[in-house]
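Should a chain be cited, it is by its letter among A, B, C and D, assigned in written order, with residues numbered from 1 in that chain.
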Amino acid sequence: MKLLLTGFEPFGGETVNPSWQAVCLVPEQIGTVTVVKRCLPTSFARAGTVLTDAIAALRPDAVLCVGQAGGRAAVTPERAALNLDDARIPDNDGACPADAPIVPGGPAAYFATLPVKAMAAAIGAAGVPAAVSNTAGTFVCNHVLYLLLHTLAAQYPGVRGGFVHIPYAPEQTRAKPGQPALPVADAARALAAAIAVLDAPASGL
Amino acid sequence: MKLLLTGFEPFGGETVNPSWQAVCLVPEQIGTVTVVKRCLPTSFARAGTVLTDAIAALRPDAVLCVGQAGGRAAVTPERAALNLDDARIPDNDGACPADAPIVPGGPAAYFATLPVKAMAAAIGAAGVPAAVSNTAGTFVCNHVLYLLLHTLAAQYPGVRGGFVHIPYAPEQTRAKPGQPALPVADAARALAAAIAVLDAPASGL
Amino acid sequence: MKLLLTGFEPFGGETVNPSWQAVCLVPEQIGTVTVVKRCLPTSFARAGTVLTDAIAALRPDAVLCVGQAGGRAAVTPERAALNLDDARIPDNDGACPADAPIVPGGPAAYFATLPVKAMAAAIGAAGVPAAVSNTAGTFVCNHVLYLLLHTLAAQYPGVRGGFVHIPYAPEQTRAKPGQPALPVADAARALAAAIAVLDAPASGL
Amino acid sequence: MKLLLTGFEPFGGETVNPSWQAVCLVPEQIGTVTVVKRCLPTSFARAGTVLTDAIAALRPDAVLCVGQAGGRAAVTPERAALNLDDARIPDNDGACPADAPIVPGGPAAYFATLPVKAMAAAIGAAGVPAAVSNTAGTFVCNHVLYLLLHTLAAQYPGVRGGFVHIPYAPEQTRAKPGQPALPVADAARALAAAIAVLDAPASGL
């Protein structure tokens, strides 16, 4: 089984993005899963193309994208993506879309096809805070998850896709009193634990 | 213009539900809007029927449901509802569905058709903390919003629908240190401010 | 009974300080209490002098200082002040003291002499979120409370003193997602409720 | 240099206390520091005696107590202890003191004599979220820190003392949505990093 695992570039004035740092620490072989890693630009315009080009080139059996969710206290597999771009801050190209559909005429949402509850349970069993999330936001993370699931549904029907948000790294919260953070090595351990159960059946939906 | 405005019964061991308390404090006439109020049971099985029966009987021009979102710090118009019931605690009938579609074969989500950004701006301008929310959860609130939007789309295409979550009332957080709360009178003021702009165009979606 | 009630100027890049806004909304007569109001500079060097000059001029029976505690969800009477200045951001004079005693050789702390539990109970009974706090921080608020209690202990032994922190006003949290806020009118109502019970016996200490 | 390092028993209905779990994982030799470990009862009546008996028996050069601070997102060296017991929940003996001095006639507070800022910096440099805290609460943790500092001041003037609070372990927050947690191995790493800098000069106070 081949997994495409992606992280993101830093954005929003941060100098690191723990999603890519954590992805870099994930082993390249986890049980029978071979992990191939790519870094996506934090760009509404470019992220989707980089991702779909990688899928076309690599032909993975599953795709797991990882992003930073500043303010969250747990590692959170995402349940769904909305067909909506609505940015509070500019992306790395300076784009700041408001209330725009990602795919005009597309479904209002897609559910992730990876087993989000099994993944959250595995992350928790690895000793890392975990919860299933019901929103990937409306920034580039949600944009990428929507495009991923839209592309898989249309072109690669047997390939499963999903997204995991991770908290800030501790170095990012020094000037943000009270904000939760998770050491990047724990985030990597969480991702490895989630990857080890990607074969689980998805929840009913 | 006739608005159907709903709140919920208490649930989860609480003795009050600030959503119904706040709805009760909303004036029955706001500008040109006549407000008709109903209280919904916090029940996956019964809430939808009470709501759709009220719509059939009252034939409102718009429907706004209000619910309690314990832990939130702001009054939050909801952007969308997912086709998913997944309860962490039992509802008032003891039902605790897991990973179940609300409408089998229905769309993964519906976007609210009320103007969520104008509503949030009006609430903020009234001096009450406000934000647009991207998730109504997967409990009875989301269930009701999904059924509302599904019903309006199928049977009442000109009628607009939406949902607003409000924080705990202060009396509910006495034994919950650090949890945010909002006086119910402010929540009522927020609802009135939102209702005053229901005519605004919805955001792009 | 004459009460000196103080708020603070804006600081830290904010354009308002809800403490002074709320103080302005408090009635000038509450039961038998006559309320005299002053605004303190958010300055380690100047706040104490403005406060002690006002005490000398007004000869109040009690002094209640009010300040902004960004990030808190409740109105919080303070239990104690530490003999420590340690600023994370500059005050309005650009001063940023680190690990400095407020009164060299002074006691490590003073307990407030106002009835903090009765005040918190009265605020809660007025329908506003309330809790007793065990730390006034180490910025100008704590500095003022320490100097107040030090001055009262040394020079005005029959005069009671204390401090109440209030949350951000809603207008301050628009660009601070997830941060709690309280309408200023509620904060004013909370202060009036607390003032109405200033005569209660202090807790054991 | 000999360090007495303590954790606490579980309390408040929890089945684990991450403070003792983390203490157990700390190496017994860190640089020149020999670490001797003890578990304290979560009891107002008994914790102090167990601690002071251990000090008398072991004659350590420094004492660092560790406790659980549910709800905190970071590992937090404590700056000070107040002369106040005020429990929101019963301790493990069922005691629930309210507004009671720990040492009648004792100072209102003691400052920790370990280098809290150097410790927080070392914890952060080890990649674990860290912050100096200004309150150890008013439960058994604060009680123990106050008694420790009172005892050291009176009987062991050359011995330094302090306290570190750590977040919930992830297993404790599964039914507490949104609450931060830290893997116990990280908490242990944080403690080891703090212990490695115990020789640093204390801050000005």
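Just so it is clear, a contact is a pair of C-beta atoms (placed from the backbone, for glycine too) under 8 Å apart; a residue touches a chain by one contact, two chains touch by 3 or more.
All values reported here derive from a predicted model rather than from experimental measurement.
Where touching is counted per the definition, the chains common to chain C and chain D are A, B.
Because chain B and chain C share one sequence, their contact can be compared position by position; here over half of the interface residue numbers appear on both sides.
Between C-D and the choices B-D, A-B or A-D, the pair with more than half the same contact pairs by residue number is A-B. Rounded to whole angstrom units, the spacing between the C-alpha centres of chain A and chain C is 44. Inter-chain centre distance (chain B to chain C, centres taken as mean C-alpha positions): 37 Å. Here the spacing of chain A and chain B, counted between their Cα centres, is 29 Å.
Chain contacts: chain D has residues 177-178 touching two or more partner chains.
The part of chain C that touches chain D in the complex is made up of residues 79-80, 82-84, 86, 98-101, 107-111, 117, 134-135, 137-138, 203-205.
Remark: chain B residues 71, 88, 177-178 touch chain D in the complex.
Across the complex, chain A meets chain D through its residues 73-74, 124, 127-131, 169-171, 173-174, 177-181, 183-186.
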